[in-house]
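Order as written gives the chain letters A, B, C and D; numbering starts at 1 within each chain.
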Amino acid sequence: MEPPATGLDAALGFELLDLAEDRARGRFEVTDAVRQPAGIVHGGAYAAMAETLASAATHVHVREAGEAAMGQSNLTSFMRPVSGGCVHAEARRRHRGRTSWVWEVDFTDDEGRLCATSRVTLAVRPVPQRP
Amino acid sequence: MEPPATGLDAALGFELLDLAEDRARGRFEVTDAVRQPAGIVHGGAYAAMAETLASAATHVHVREAGEAAMGQSNLTSFMRPVSGGCVHAEARRRHRGRTSWVWEVDFTDDEGRLCATSRVTLAVRPVPQRP
Amino acid sequence: MEPPATGLDAALGFELLDLAEDRARGRFEVTDAVRQPAGIVHGGAYAAMAETLASAATHVHVREAGEAAMGQSNLTSFMRPVSGGCVHAEARRRHRGRTSWVWEVDFTDDEGRLCATSRVTLAVRPVPQRP
Amino acid sequence: MEPPATGLDAALGFELLDLAEDRARGRFEVTDAVRQPAGIVHGGAYAAMAETLASAATHVHVREAGEAAMGQSNLTSFMRPVSGGCVHAEARRRHRGRTSWVWEVDFTDDEGRLCATSRVTLAVRPVPQRP
């Protein structure tokens, strides 16, 4: 549904599946690119996917107003190690303020068990106009 | 200093430079693999490096006691976008409890300006013995 | 429903309304005791109520197993200032692990608008036995 | 040094000792007003003191520019229970951006041991002009 991923999203194999104004979904396969040395999913992979989903969904909706979204903070809590299959991410917008948006992103494994959860805060600011 | 990186650490080009008991240092170059679509360093790259440094440094020091470290939470705050050069990470242990360790990780650009900061909490638990 | 509040809970006028195993509810009136100098609810009042609800609900359910709950971290995000009426808190357990429980607590004003949200992580440990 | 505390600051017995532009100090005595039911300092007391110090110090310095500071998020991690004496808070500014300031606040007991640490993010915005 989205143009091919580039950058970190491509390096870690992230797929964006849906970007509505107040919901977004994505997923990644548990390949070596998202593993830490013990073989489970690296905590940074969850944090990165949360950042990607929240930023992309916010961006799509604020750019029409000439604004840009910029990550401000990301708190990810890890509940359950995952070592194979896919990790499924579901983002839900919790706040849409004039200058900041807040998202919660839940991660589940193929059995639907909660593995991690993130809260992402984005600053929304006018894009500087170029003359 | 460390064995060659594997997994996510390799995919994002992370280098570990030093792993003392209460300090750790690492760095990554700003290549495409750590960028988000607007060309700056992806927030998840900072969060991931913080997780890597804190986990690796804790692991080295608890494994002698037959214990393992497991990421529990990671709060990363983003202060300043970086679009080139290297990102330098310096981790400082703030707490060494019986069952959890807490690290703060500061990220600076090549000019030494603070770009992001993370607080990483790790659970420390006995490694299950194999008969 | 609960015995009279003591300590900080009494000082800030917290009421606990319900403590189920995976849900908890409470509330406080916006009196001077919870205000900051500009007249709105002090951020610490939300953080404290989240801590109270999550700790109390976890405690009720782990003490039967001879365990105790101890606050480990609390992230509170503030969305909307409140200057009067009541603040209503609703806690939802997100994770029940062997050694940690995670709660999300939403705060709404009398119009049901989201004002703040907290994520509270508690360590669950055996209570030391007294001989 | 400061005018007498009001509101939550007074209810919990907070003292502000110093408010420089990039450092601030405060303290509170461990009275019943800051205790949770088990007799130790309530986690919300640390979070509240961090919020008070960071907000007050930011406020003093941005109001000259016609701006106001508003709490955006507060992450407090608890390391060591305190049951008596005083809790000493030391805040250090980590970031001074155009639209947000970030503070770290460390809490120590009378023996100088780290008991808790907070990261507080404040939004800085122009104060609406009254005609």
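Criterion: a contact is a pair of C-beta atoms (placed from the backbone, for glycine too) under 8 Å apart; a residue touches a chain by one contact, two chains touch by 3 or more.
Keep in mind it's a predicted model, so treat the numbers as computed, not measured.
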Between B-D and A-D, the pair joined by more C-beta contacts: B-D
Reference chain C; chain at largest CA-centroid distance: B
Distance between chain centroids, defined by C-alpha means - chain A, chain B (Å): 19
Between chain A and chain D, centroid-to-centroid distance (C-alpha), Å: 31
Between chain B and chain D, centroid-to-centroid distance (C-alpha), Å: 28
Overlap residues in chain D, where contacts from two or more other chains coincide: 72-73, 75, 77, 121
Chain C to chain B touching residues, read off their complex: 72-73, 75, 99-100, 121, 123, 125
Residues of chain C defined as touching chain D within the complex: 6-9, 11-12, 32-38, 42-45, 47-52, 55-56, 68, 70-78, 81
Of chain D, residues touching chain B in the complex: 75, 77, 79, 94-95, 97, 102, 104, 114, 117, 119, 121
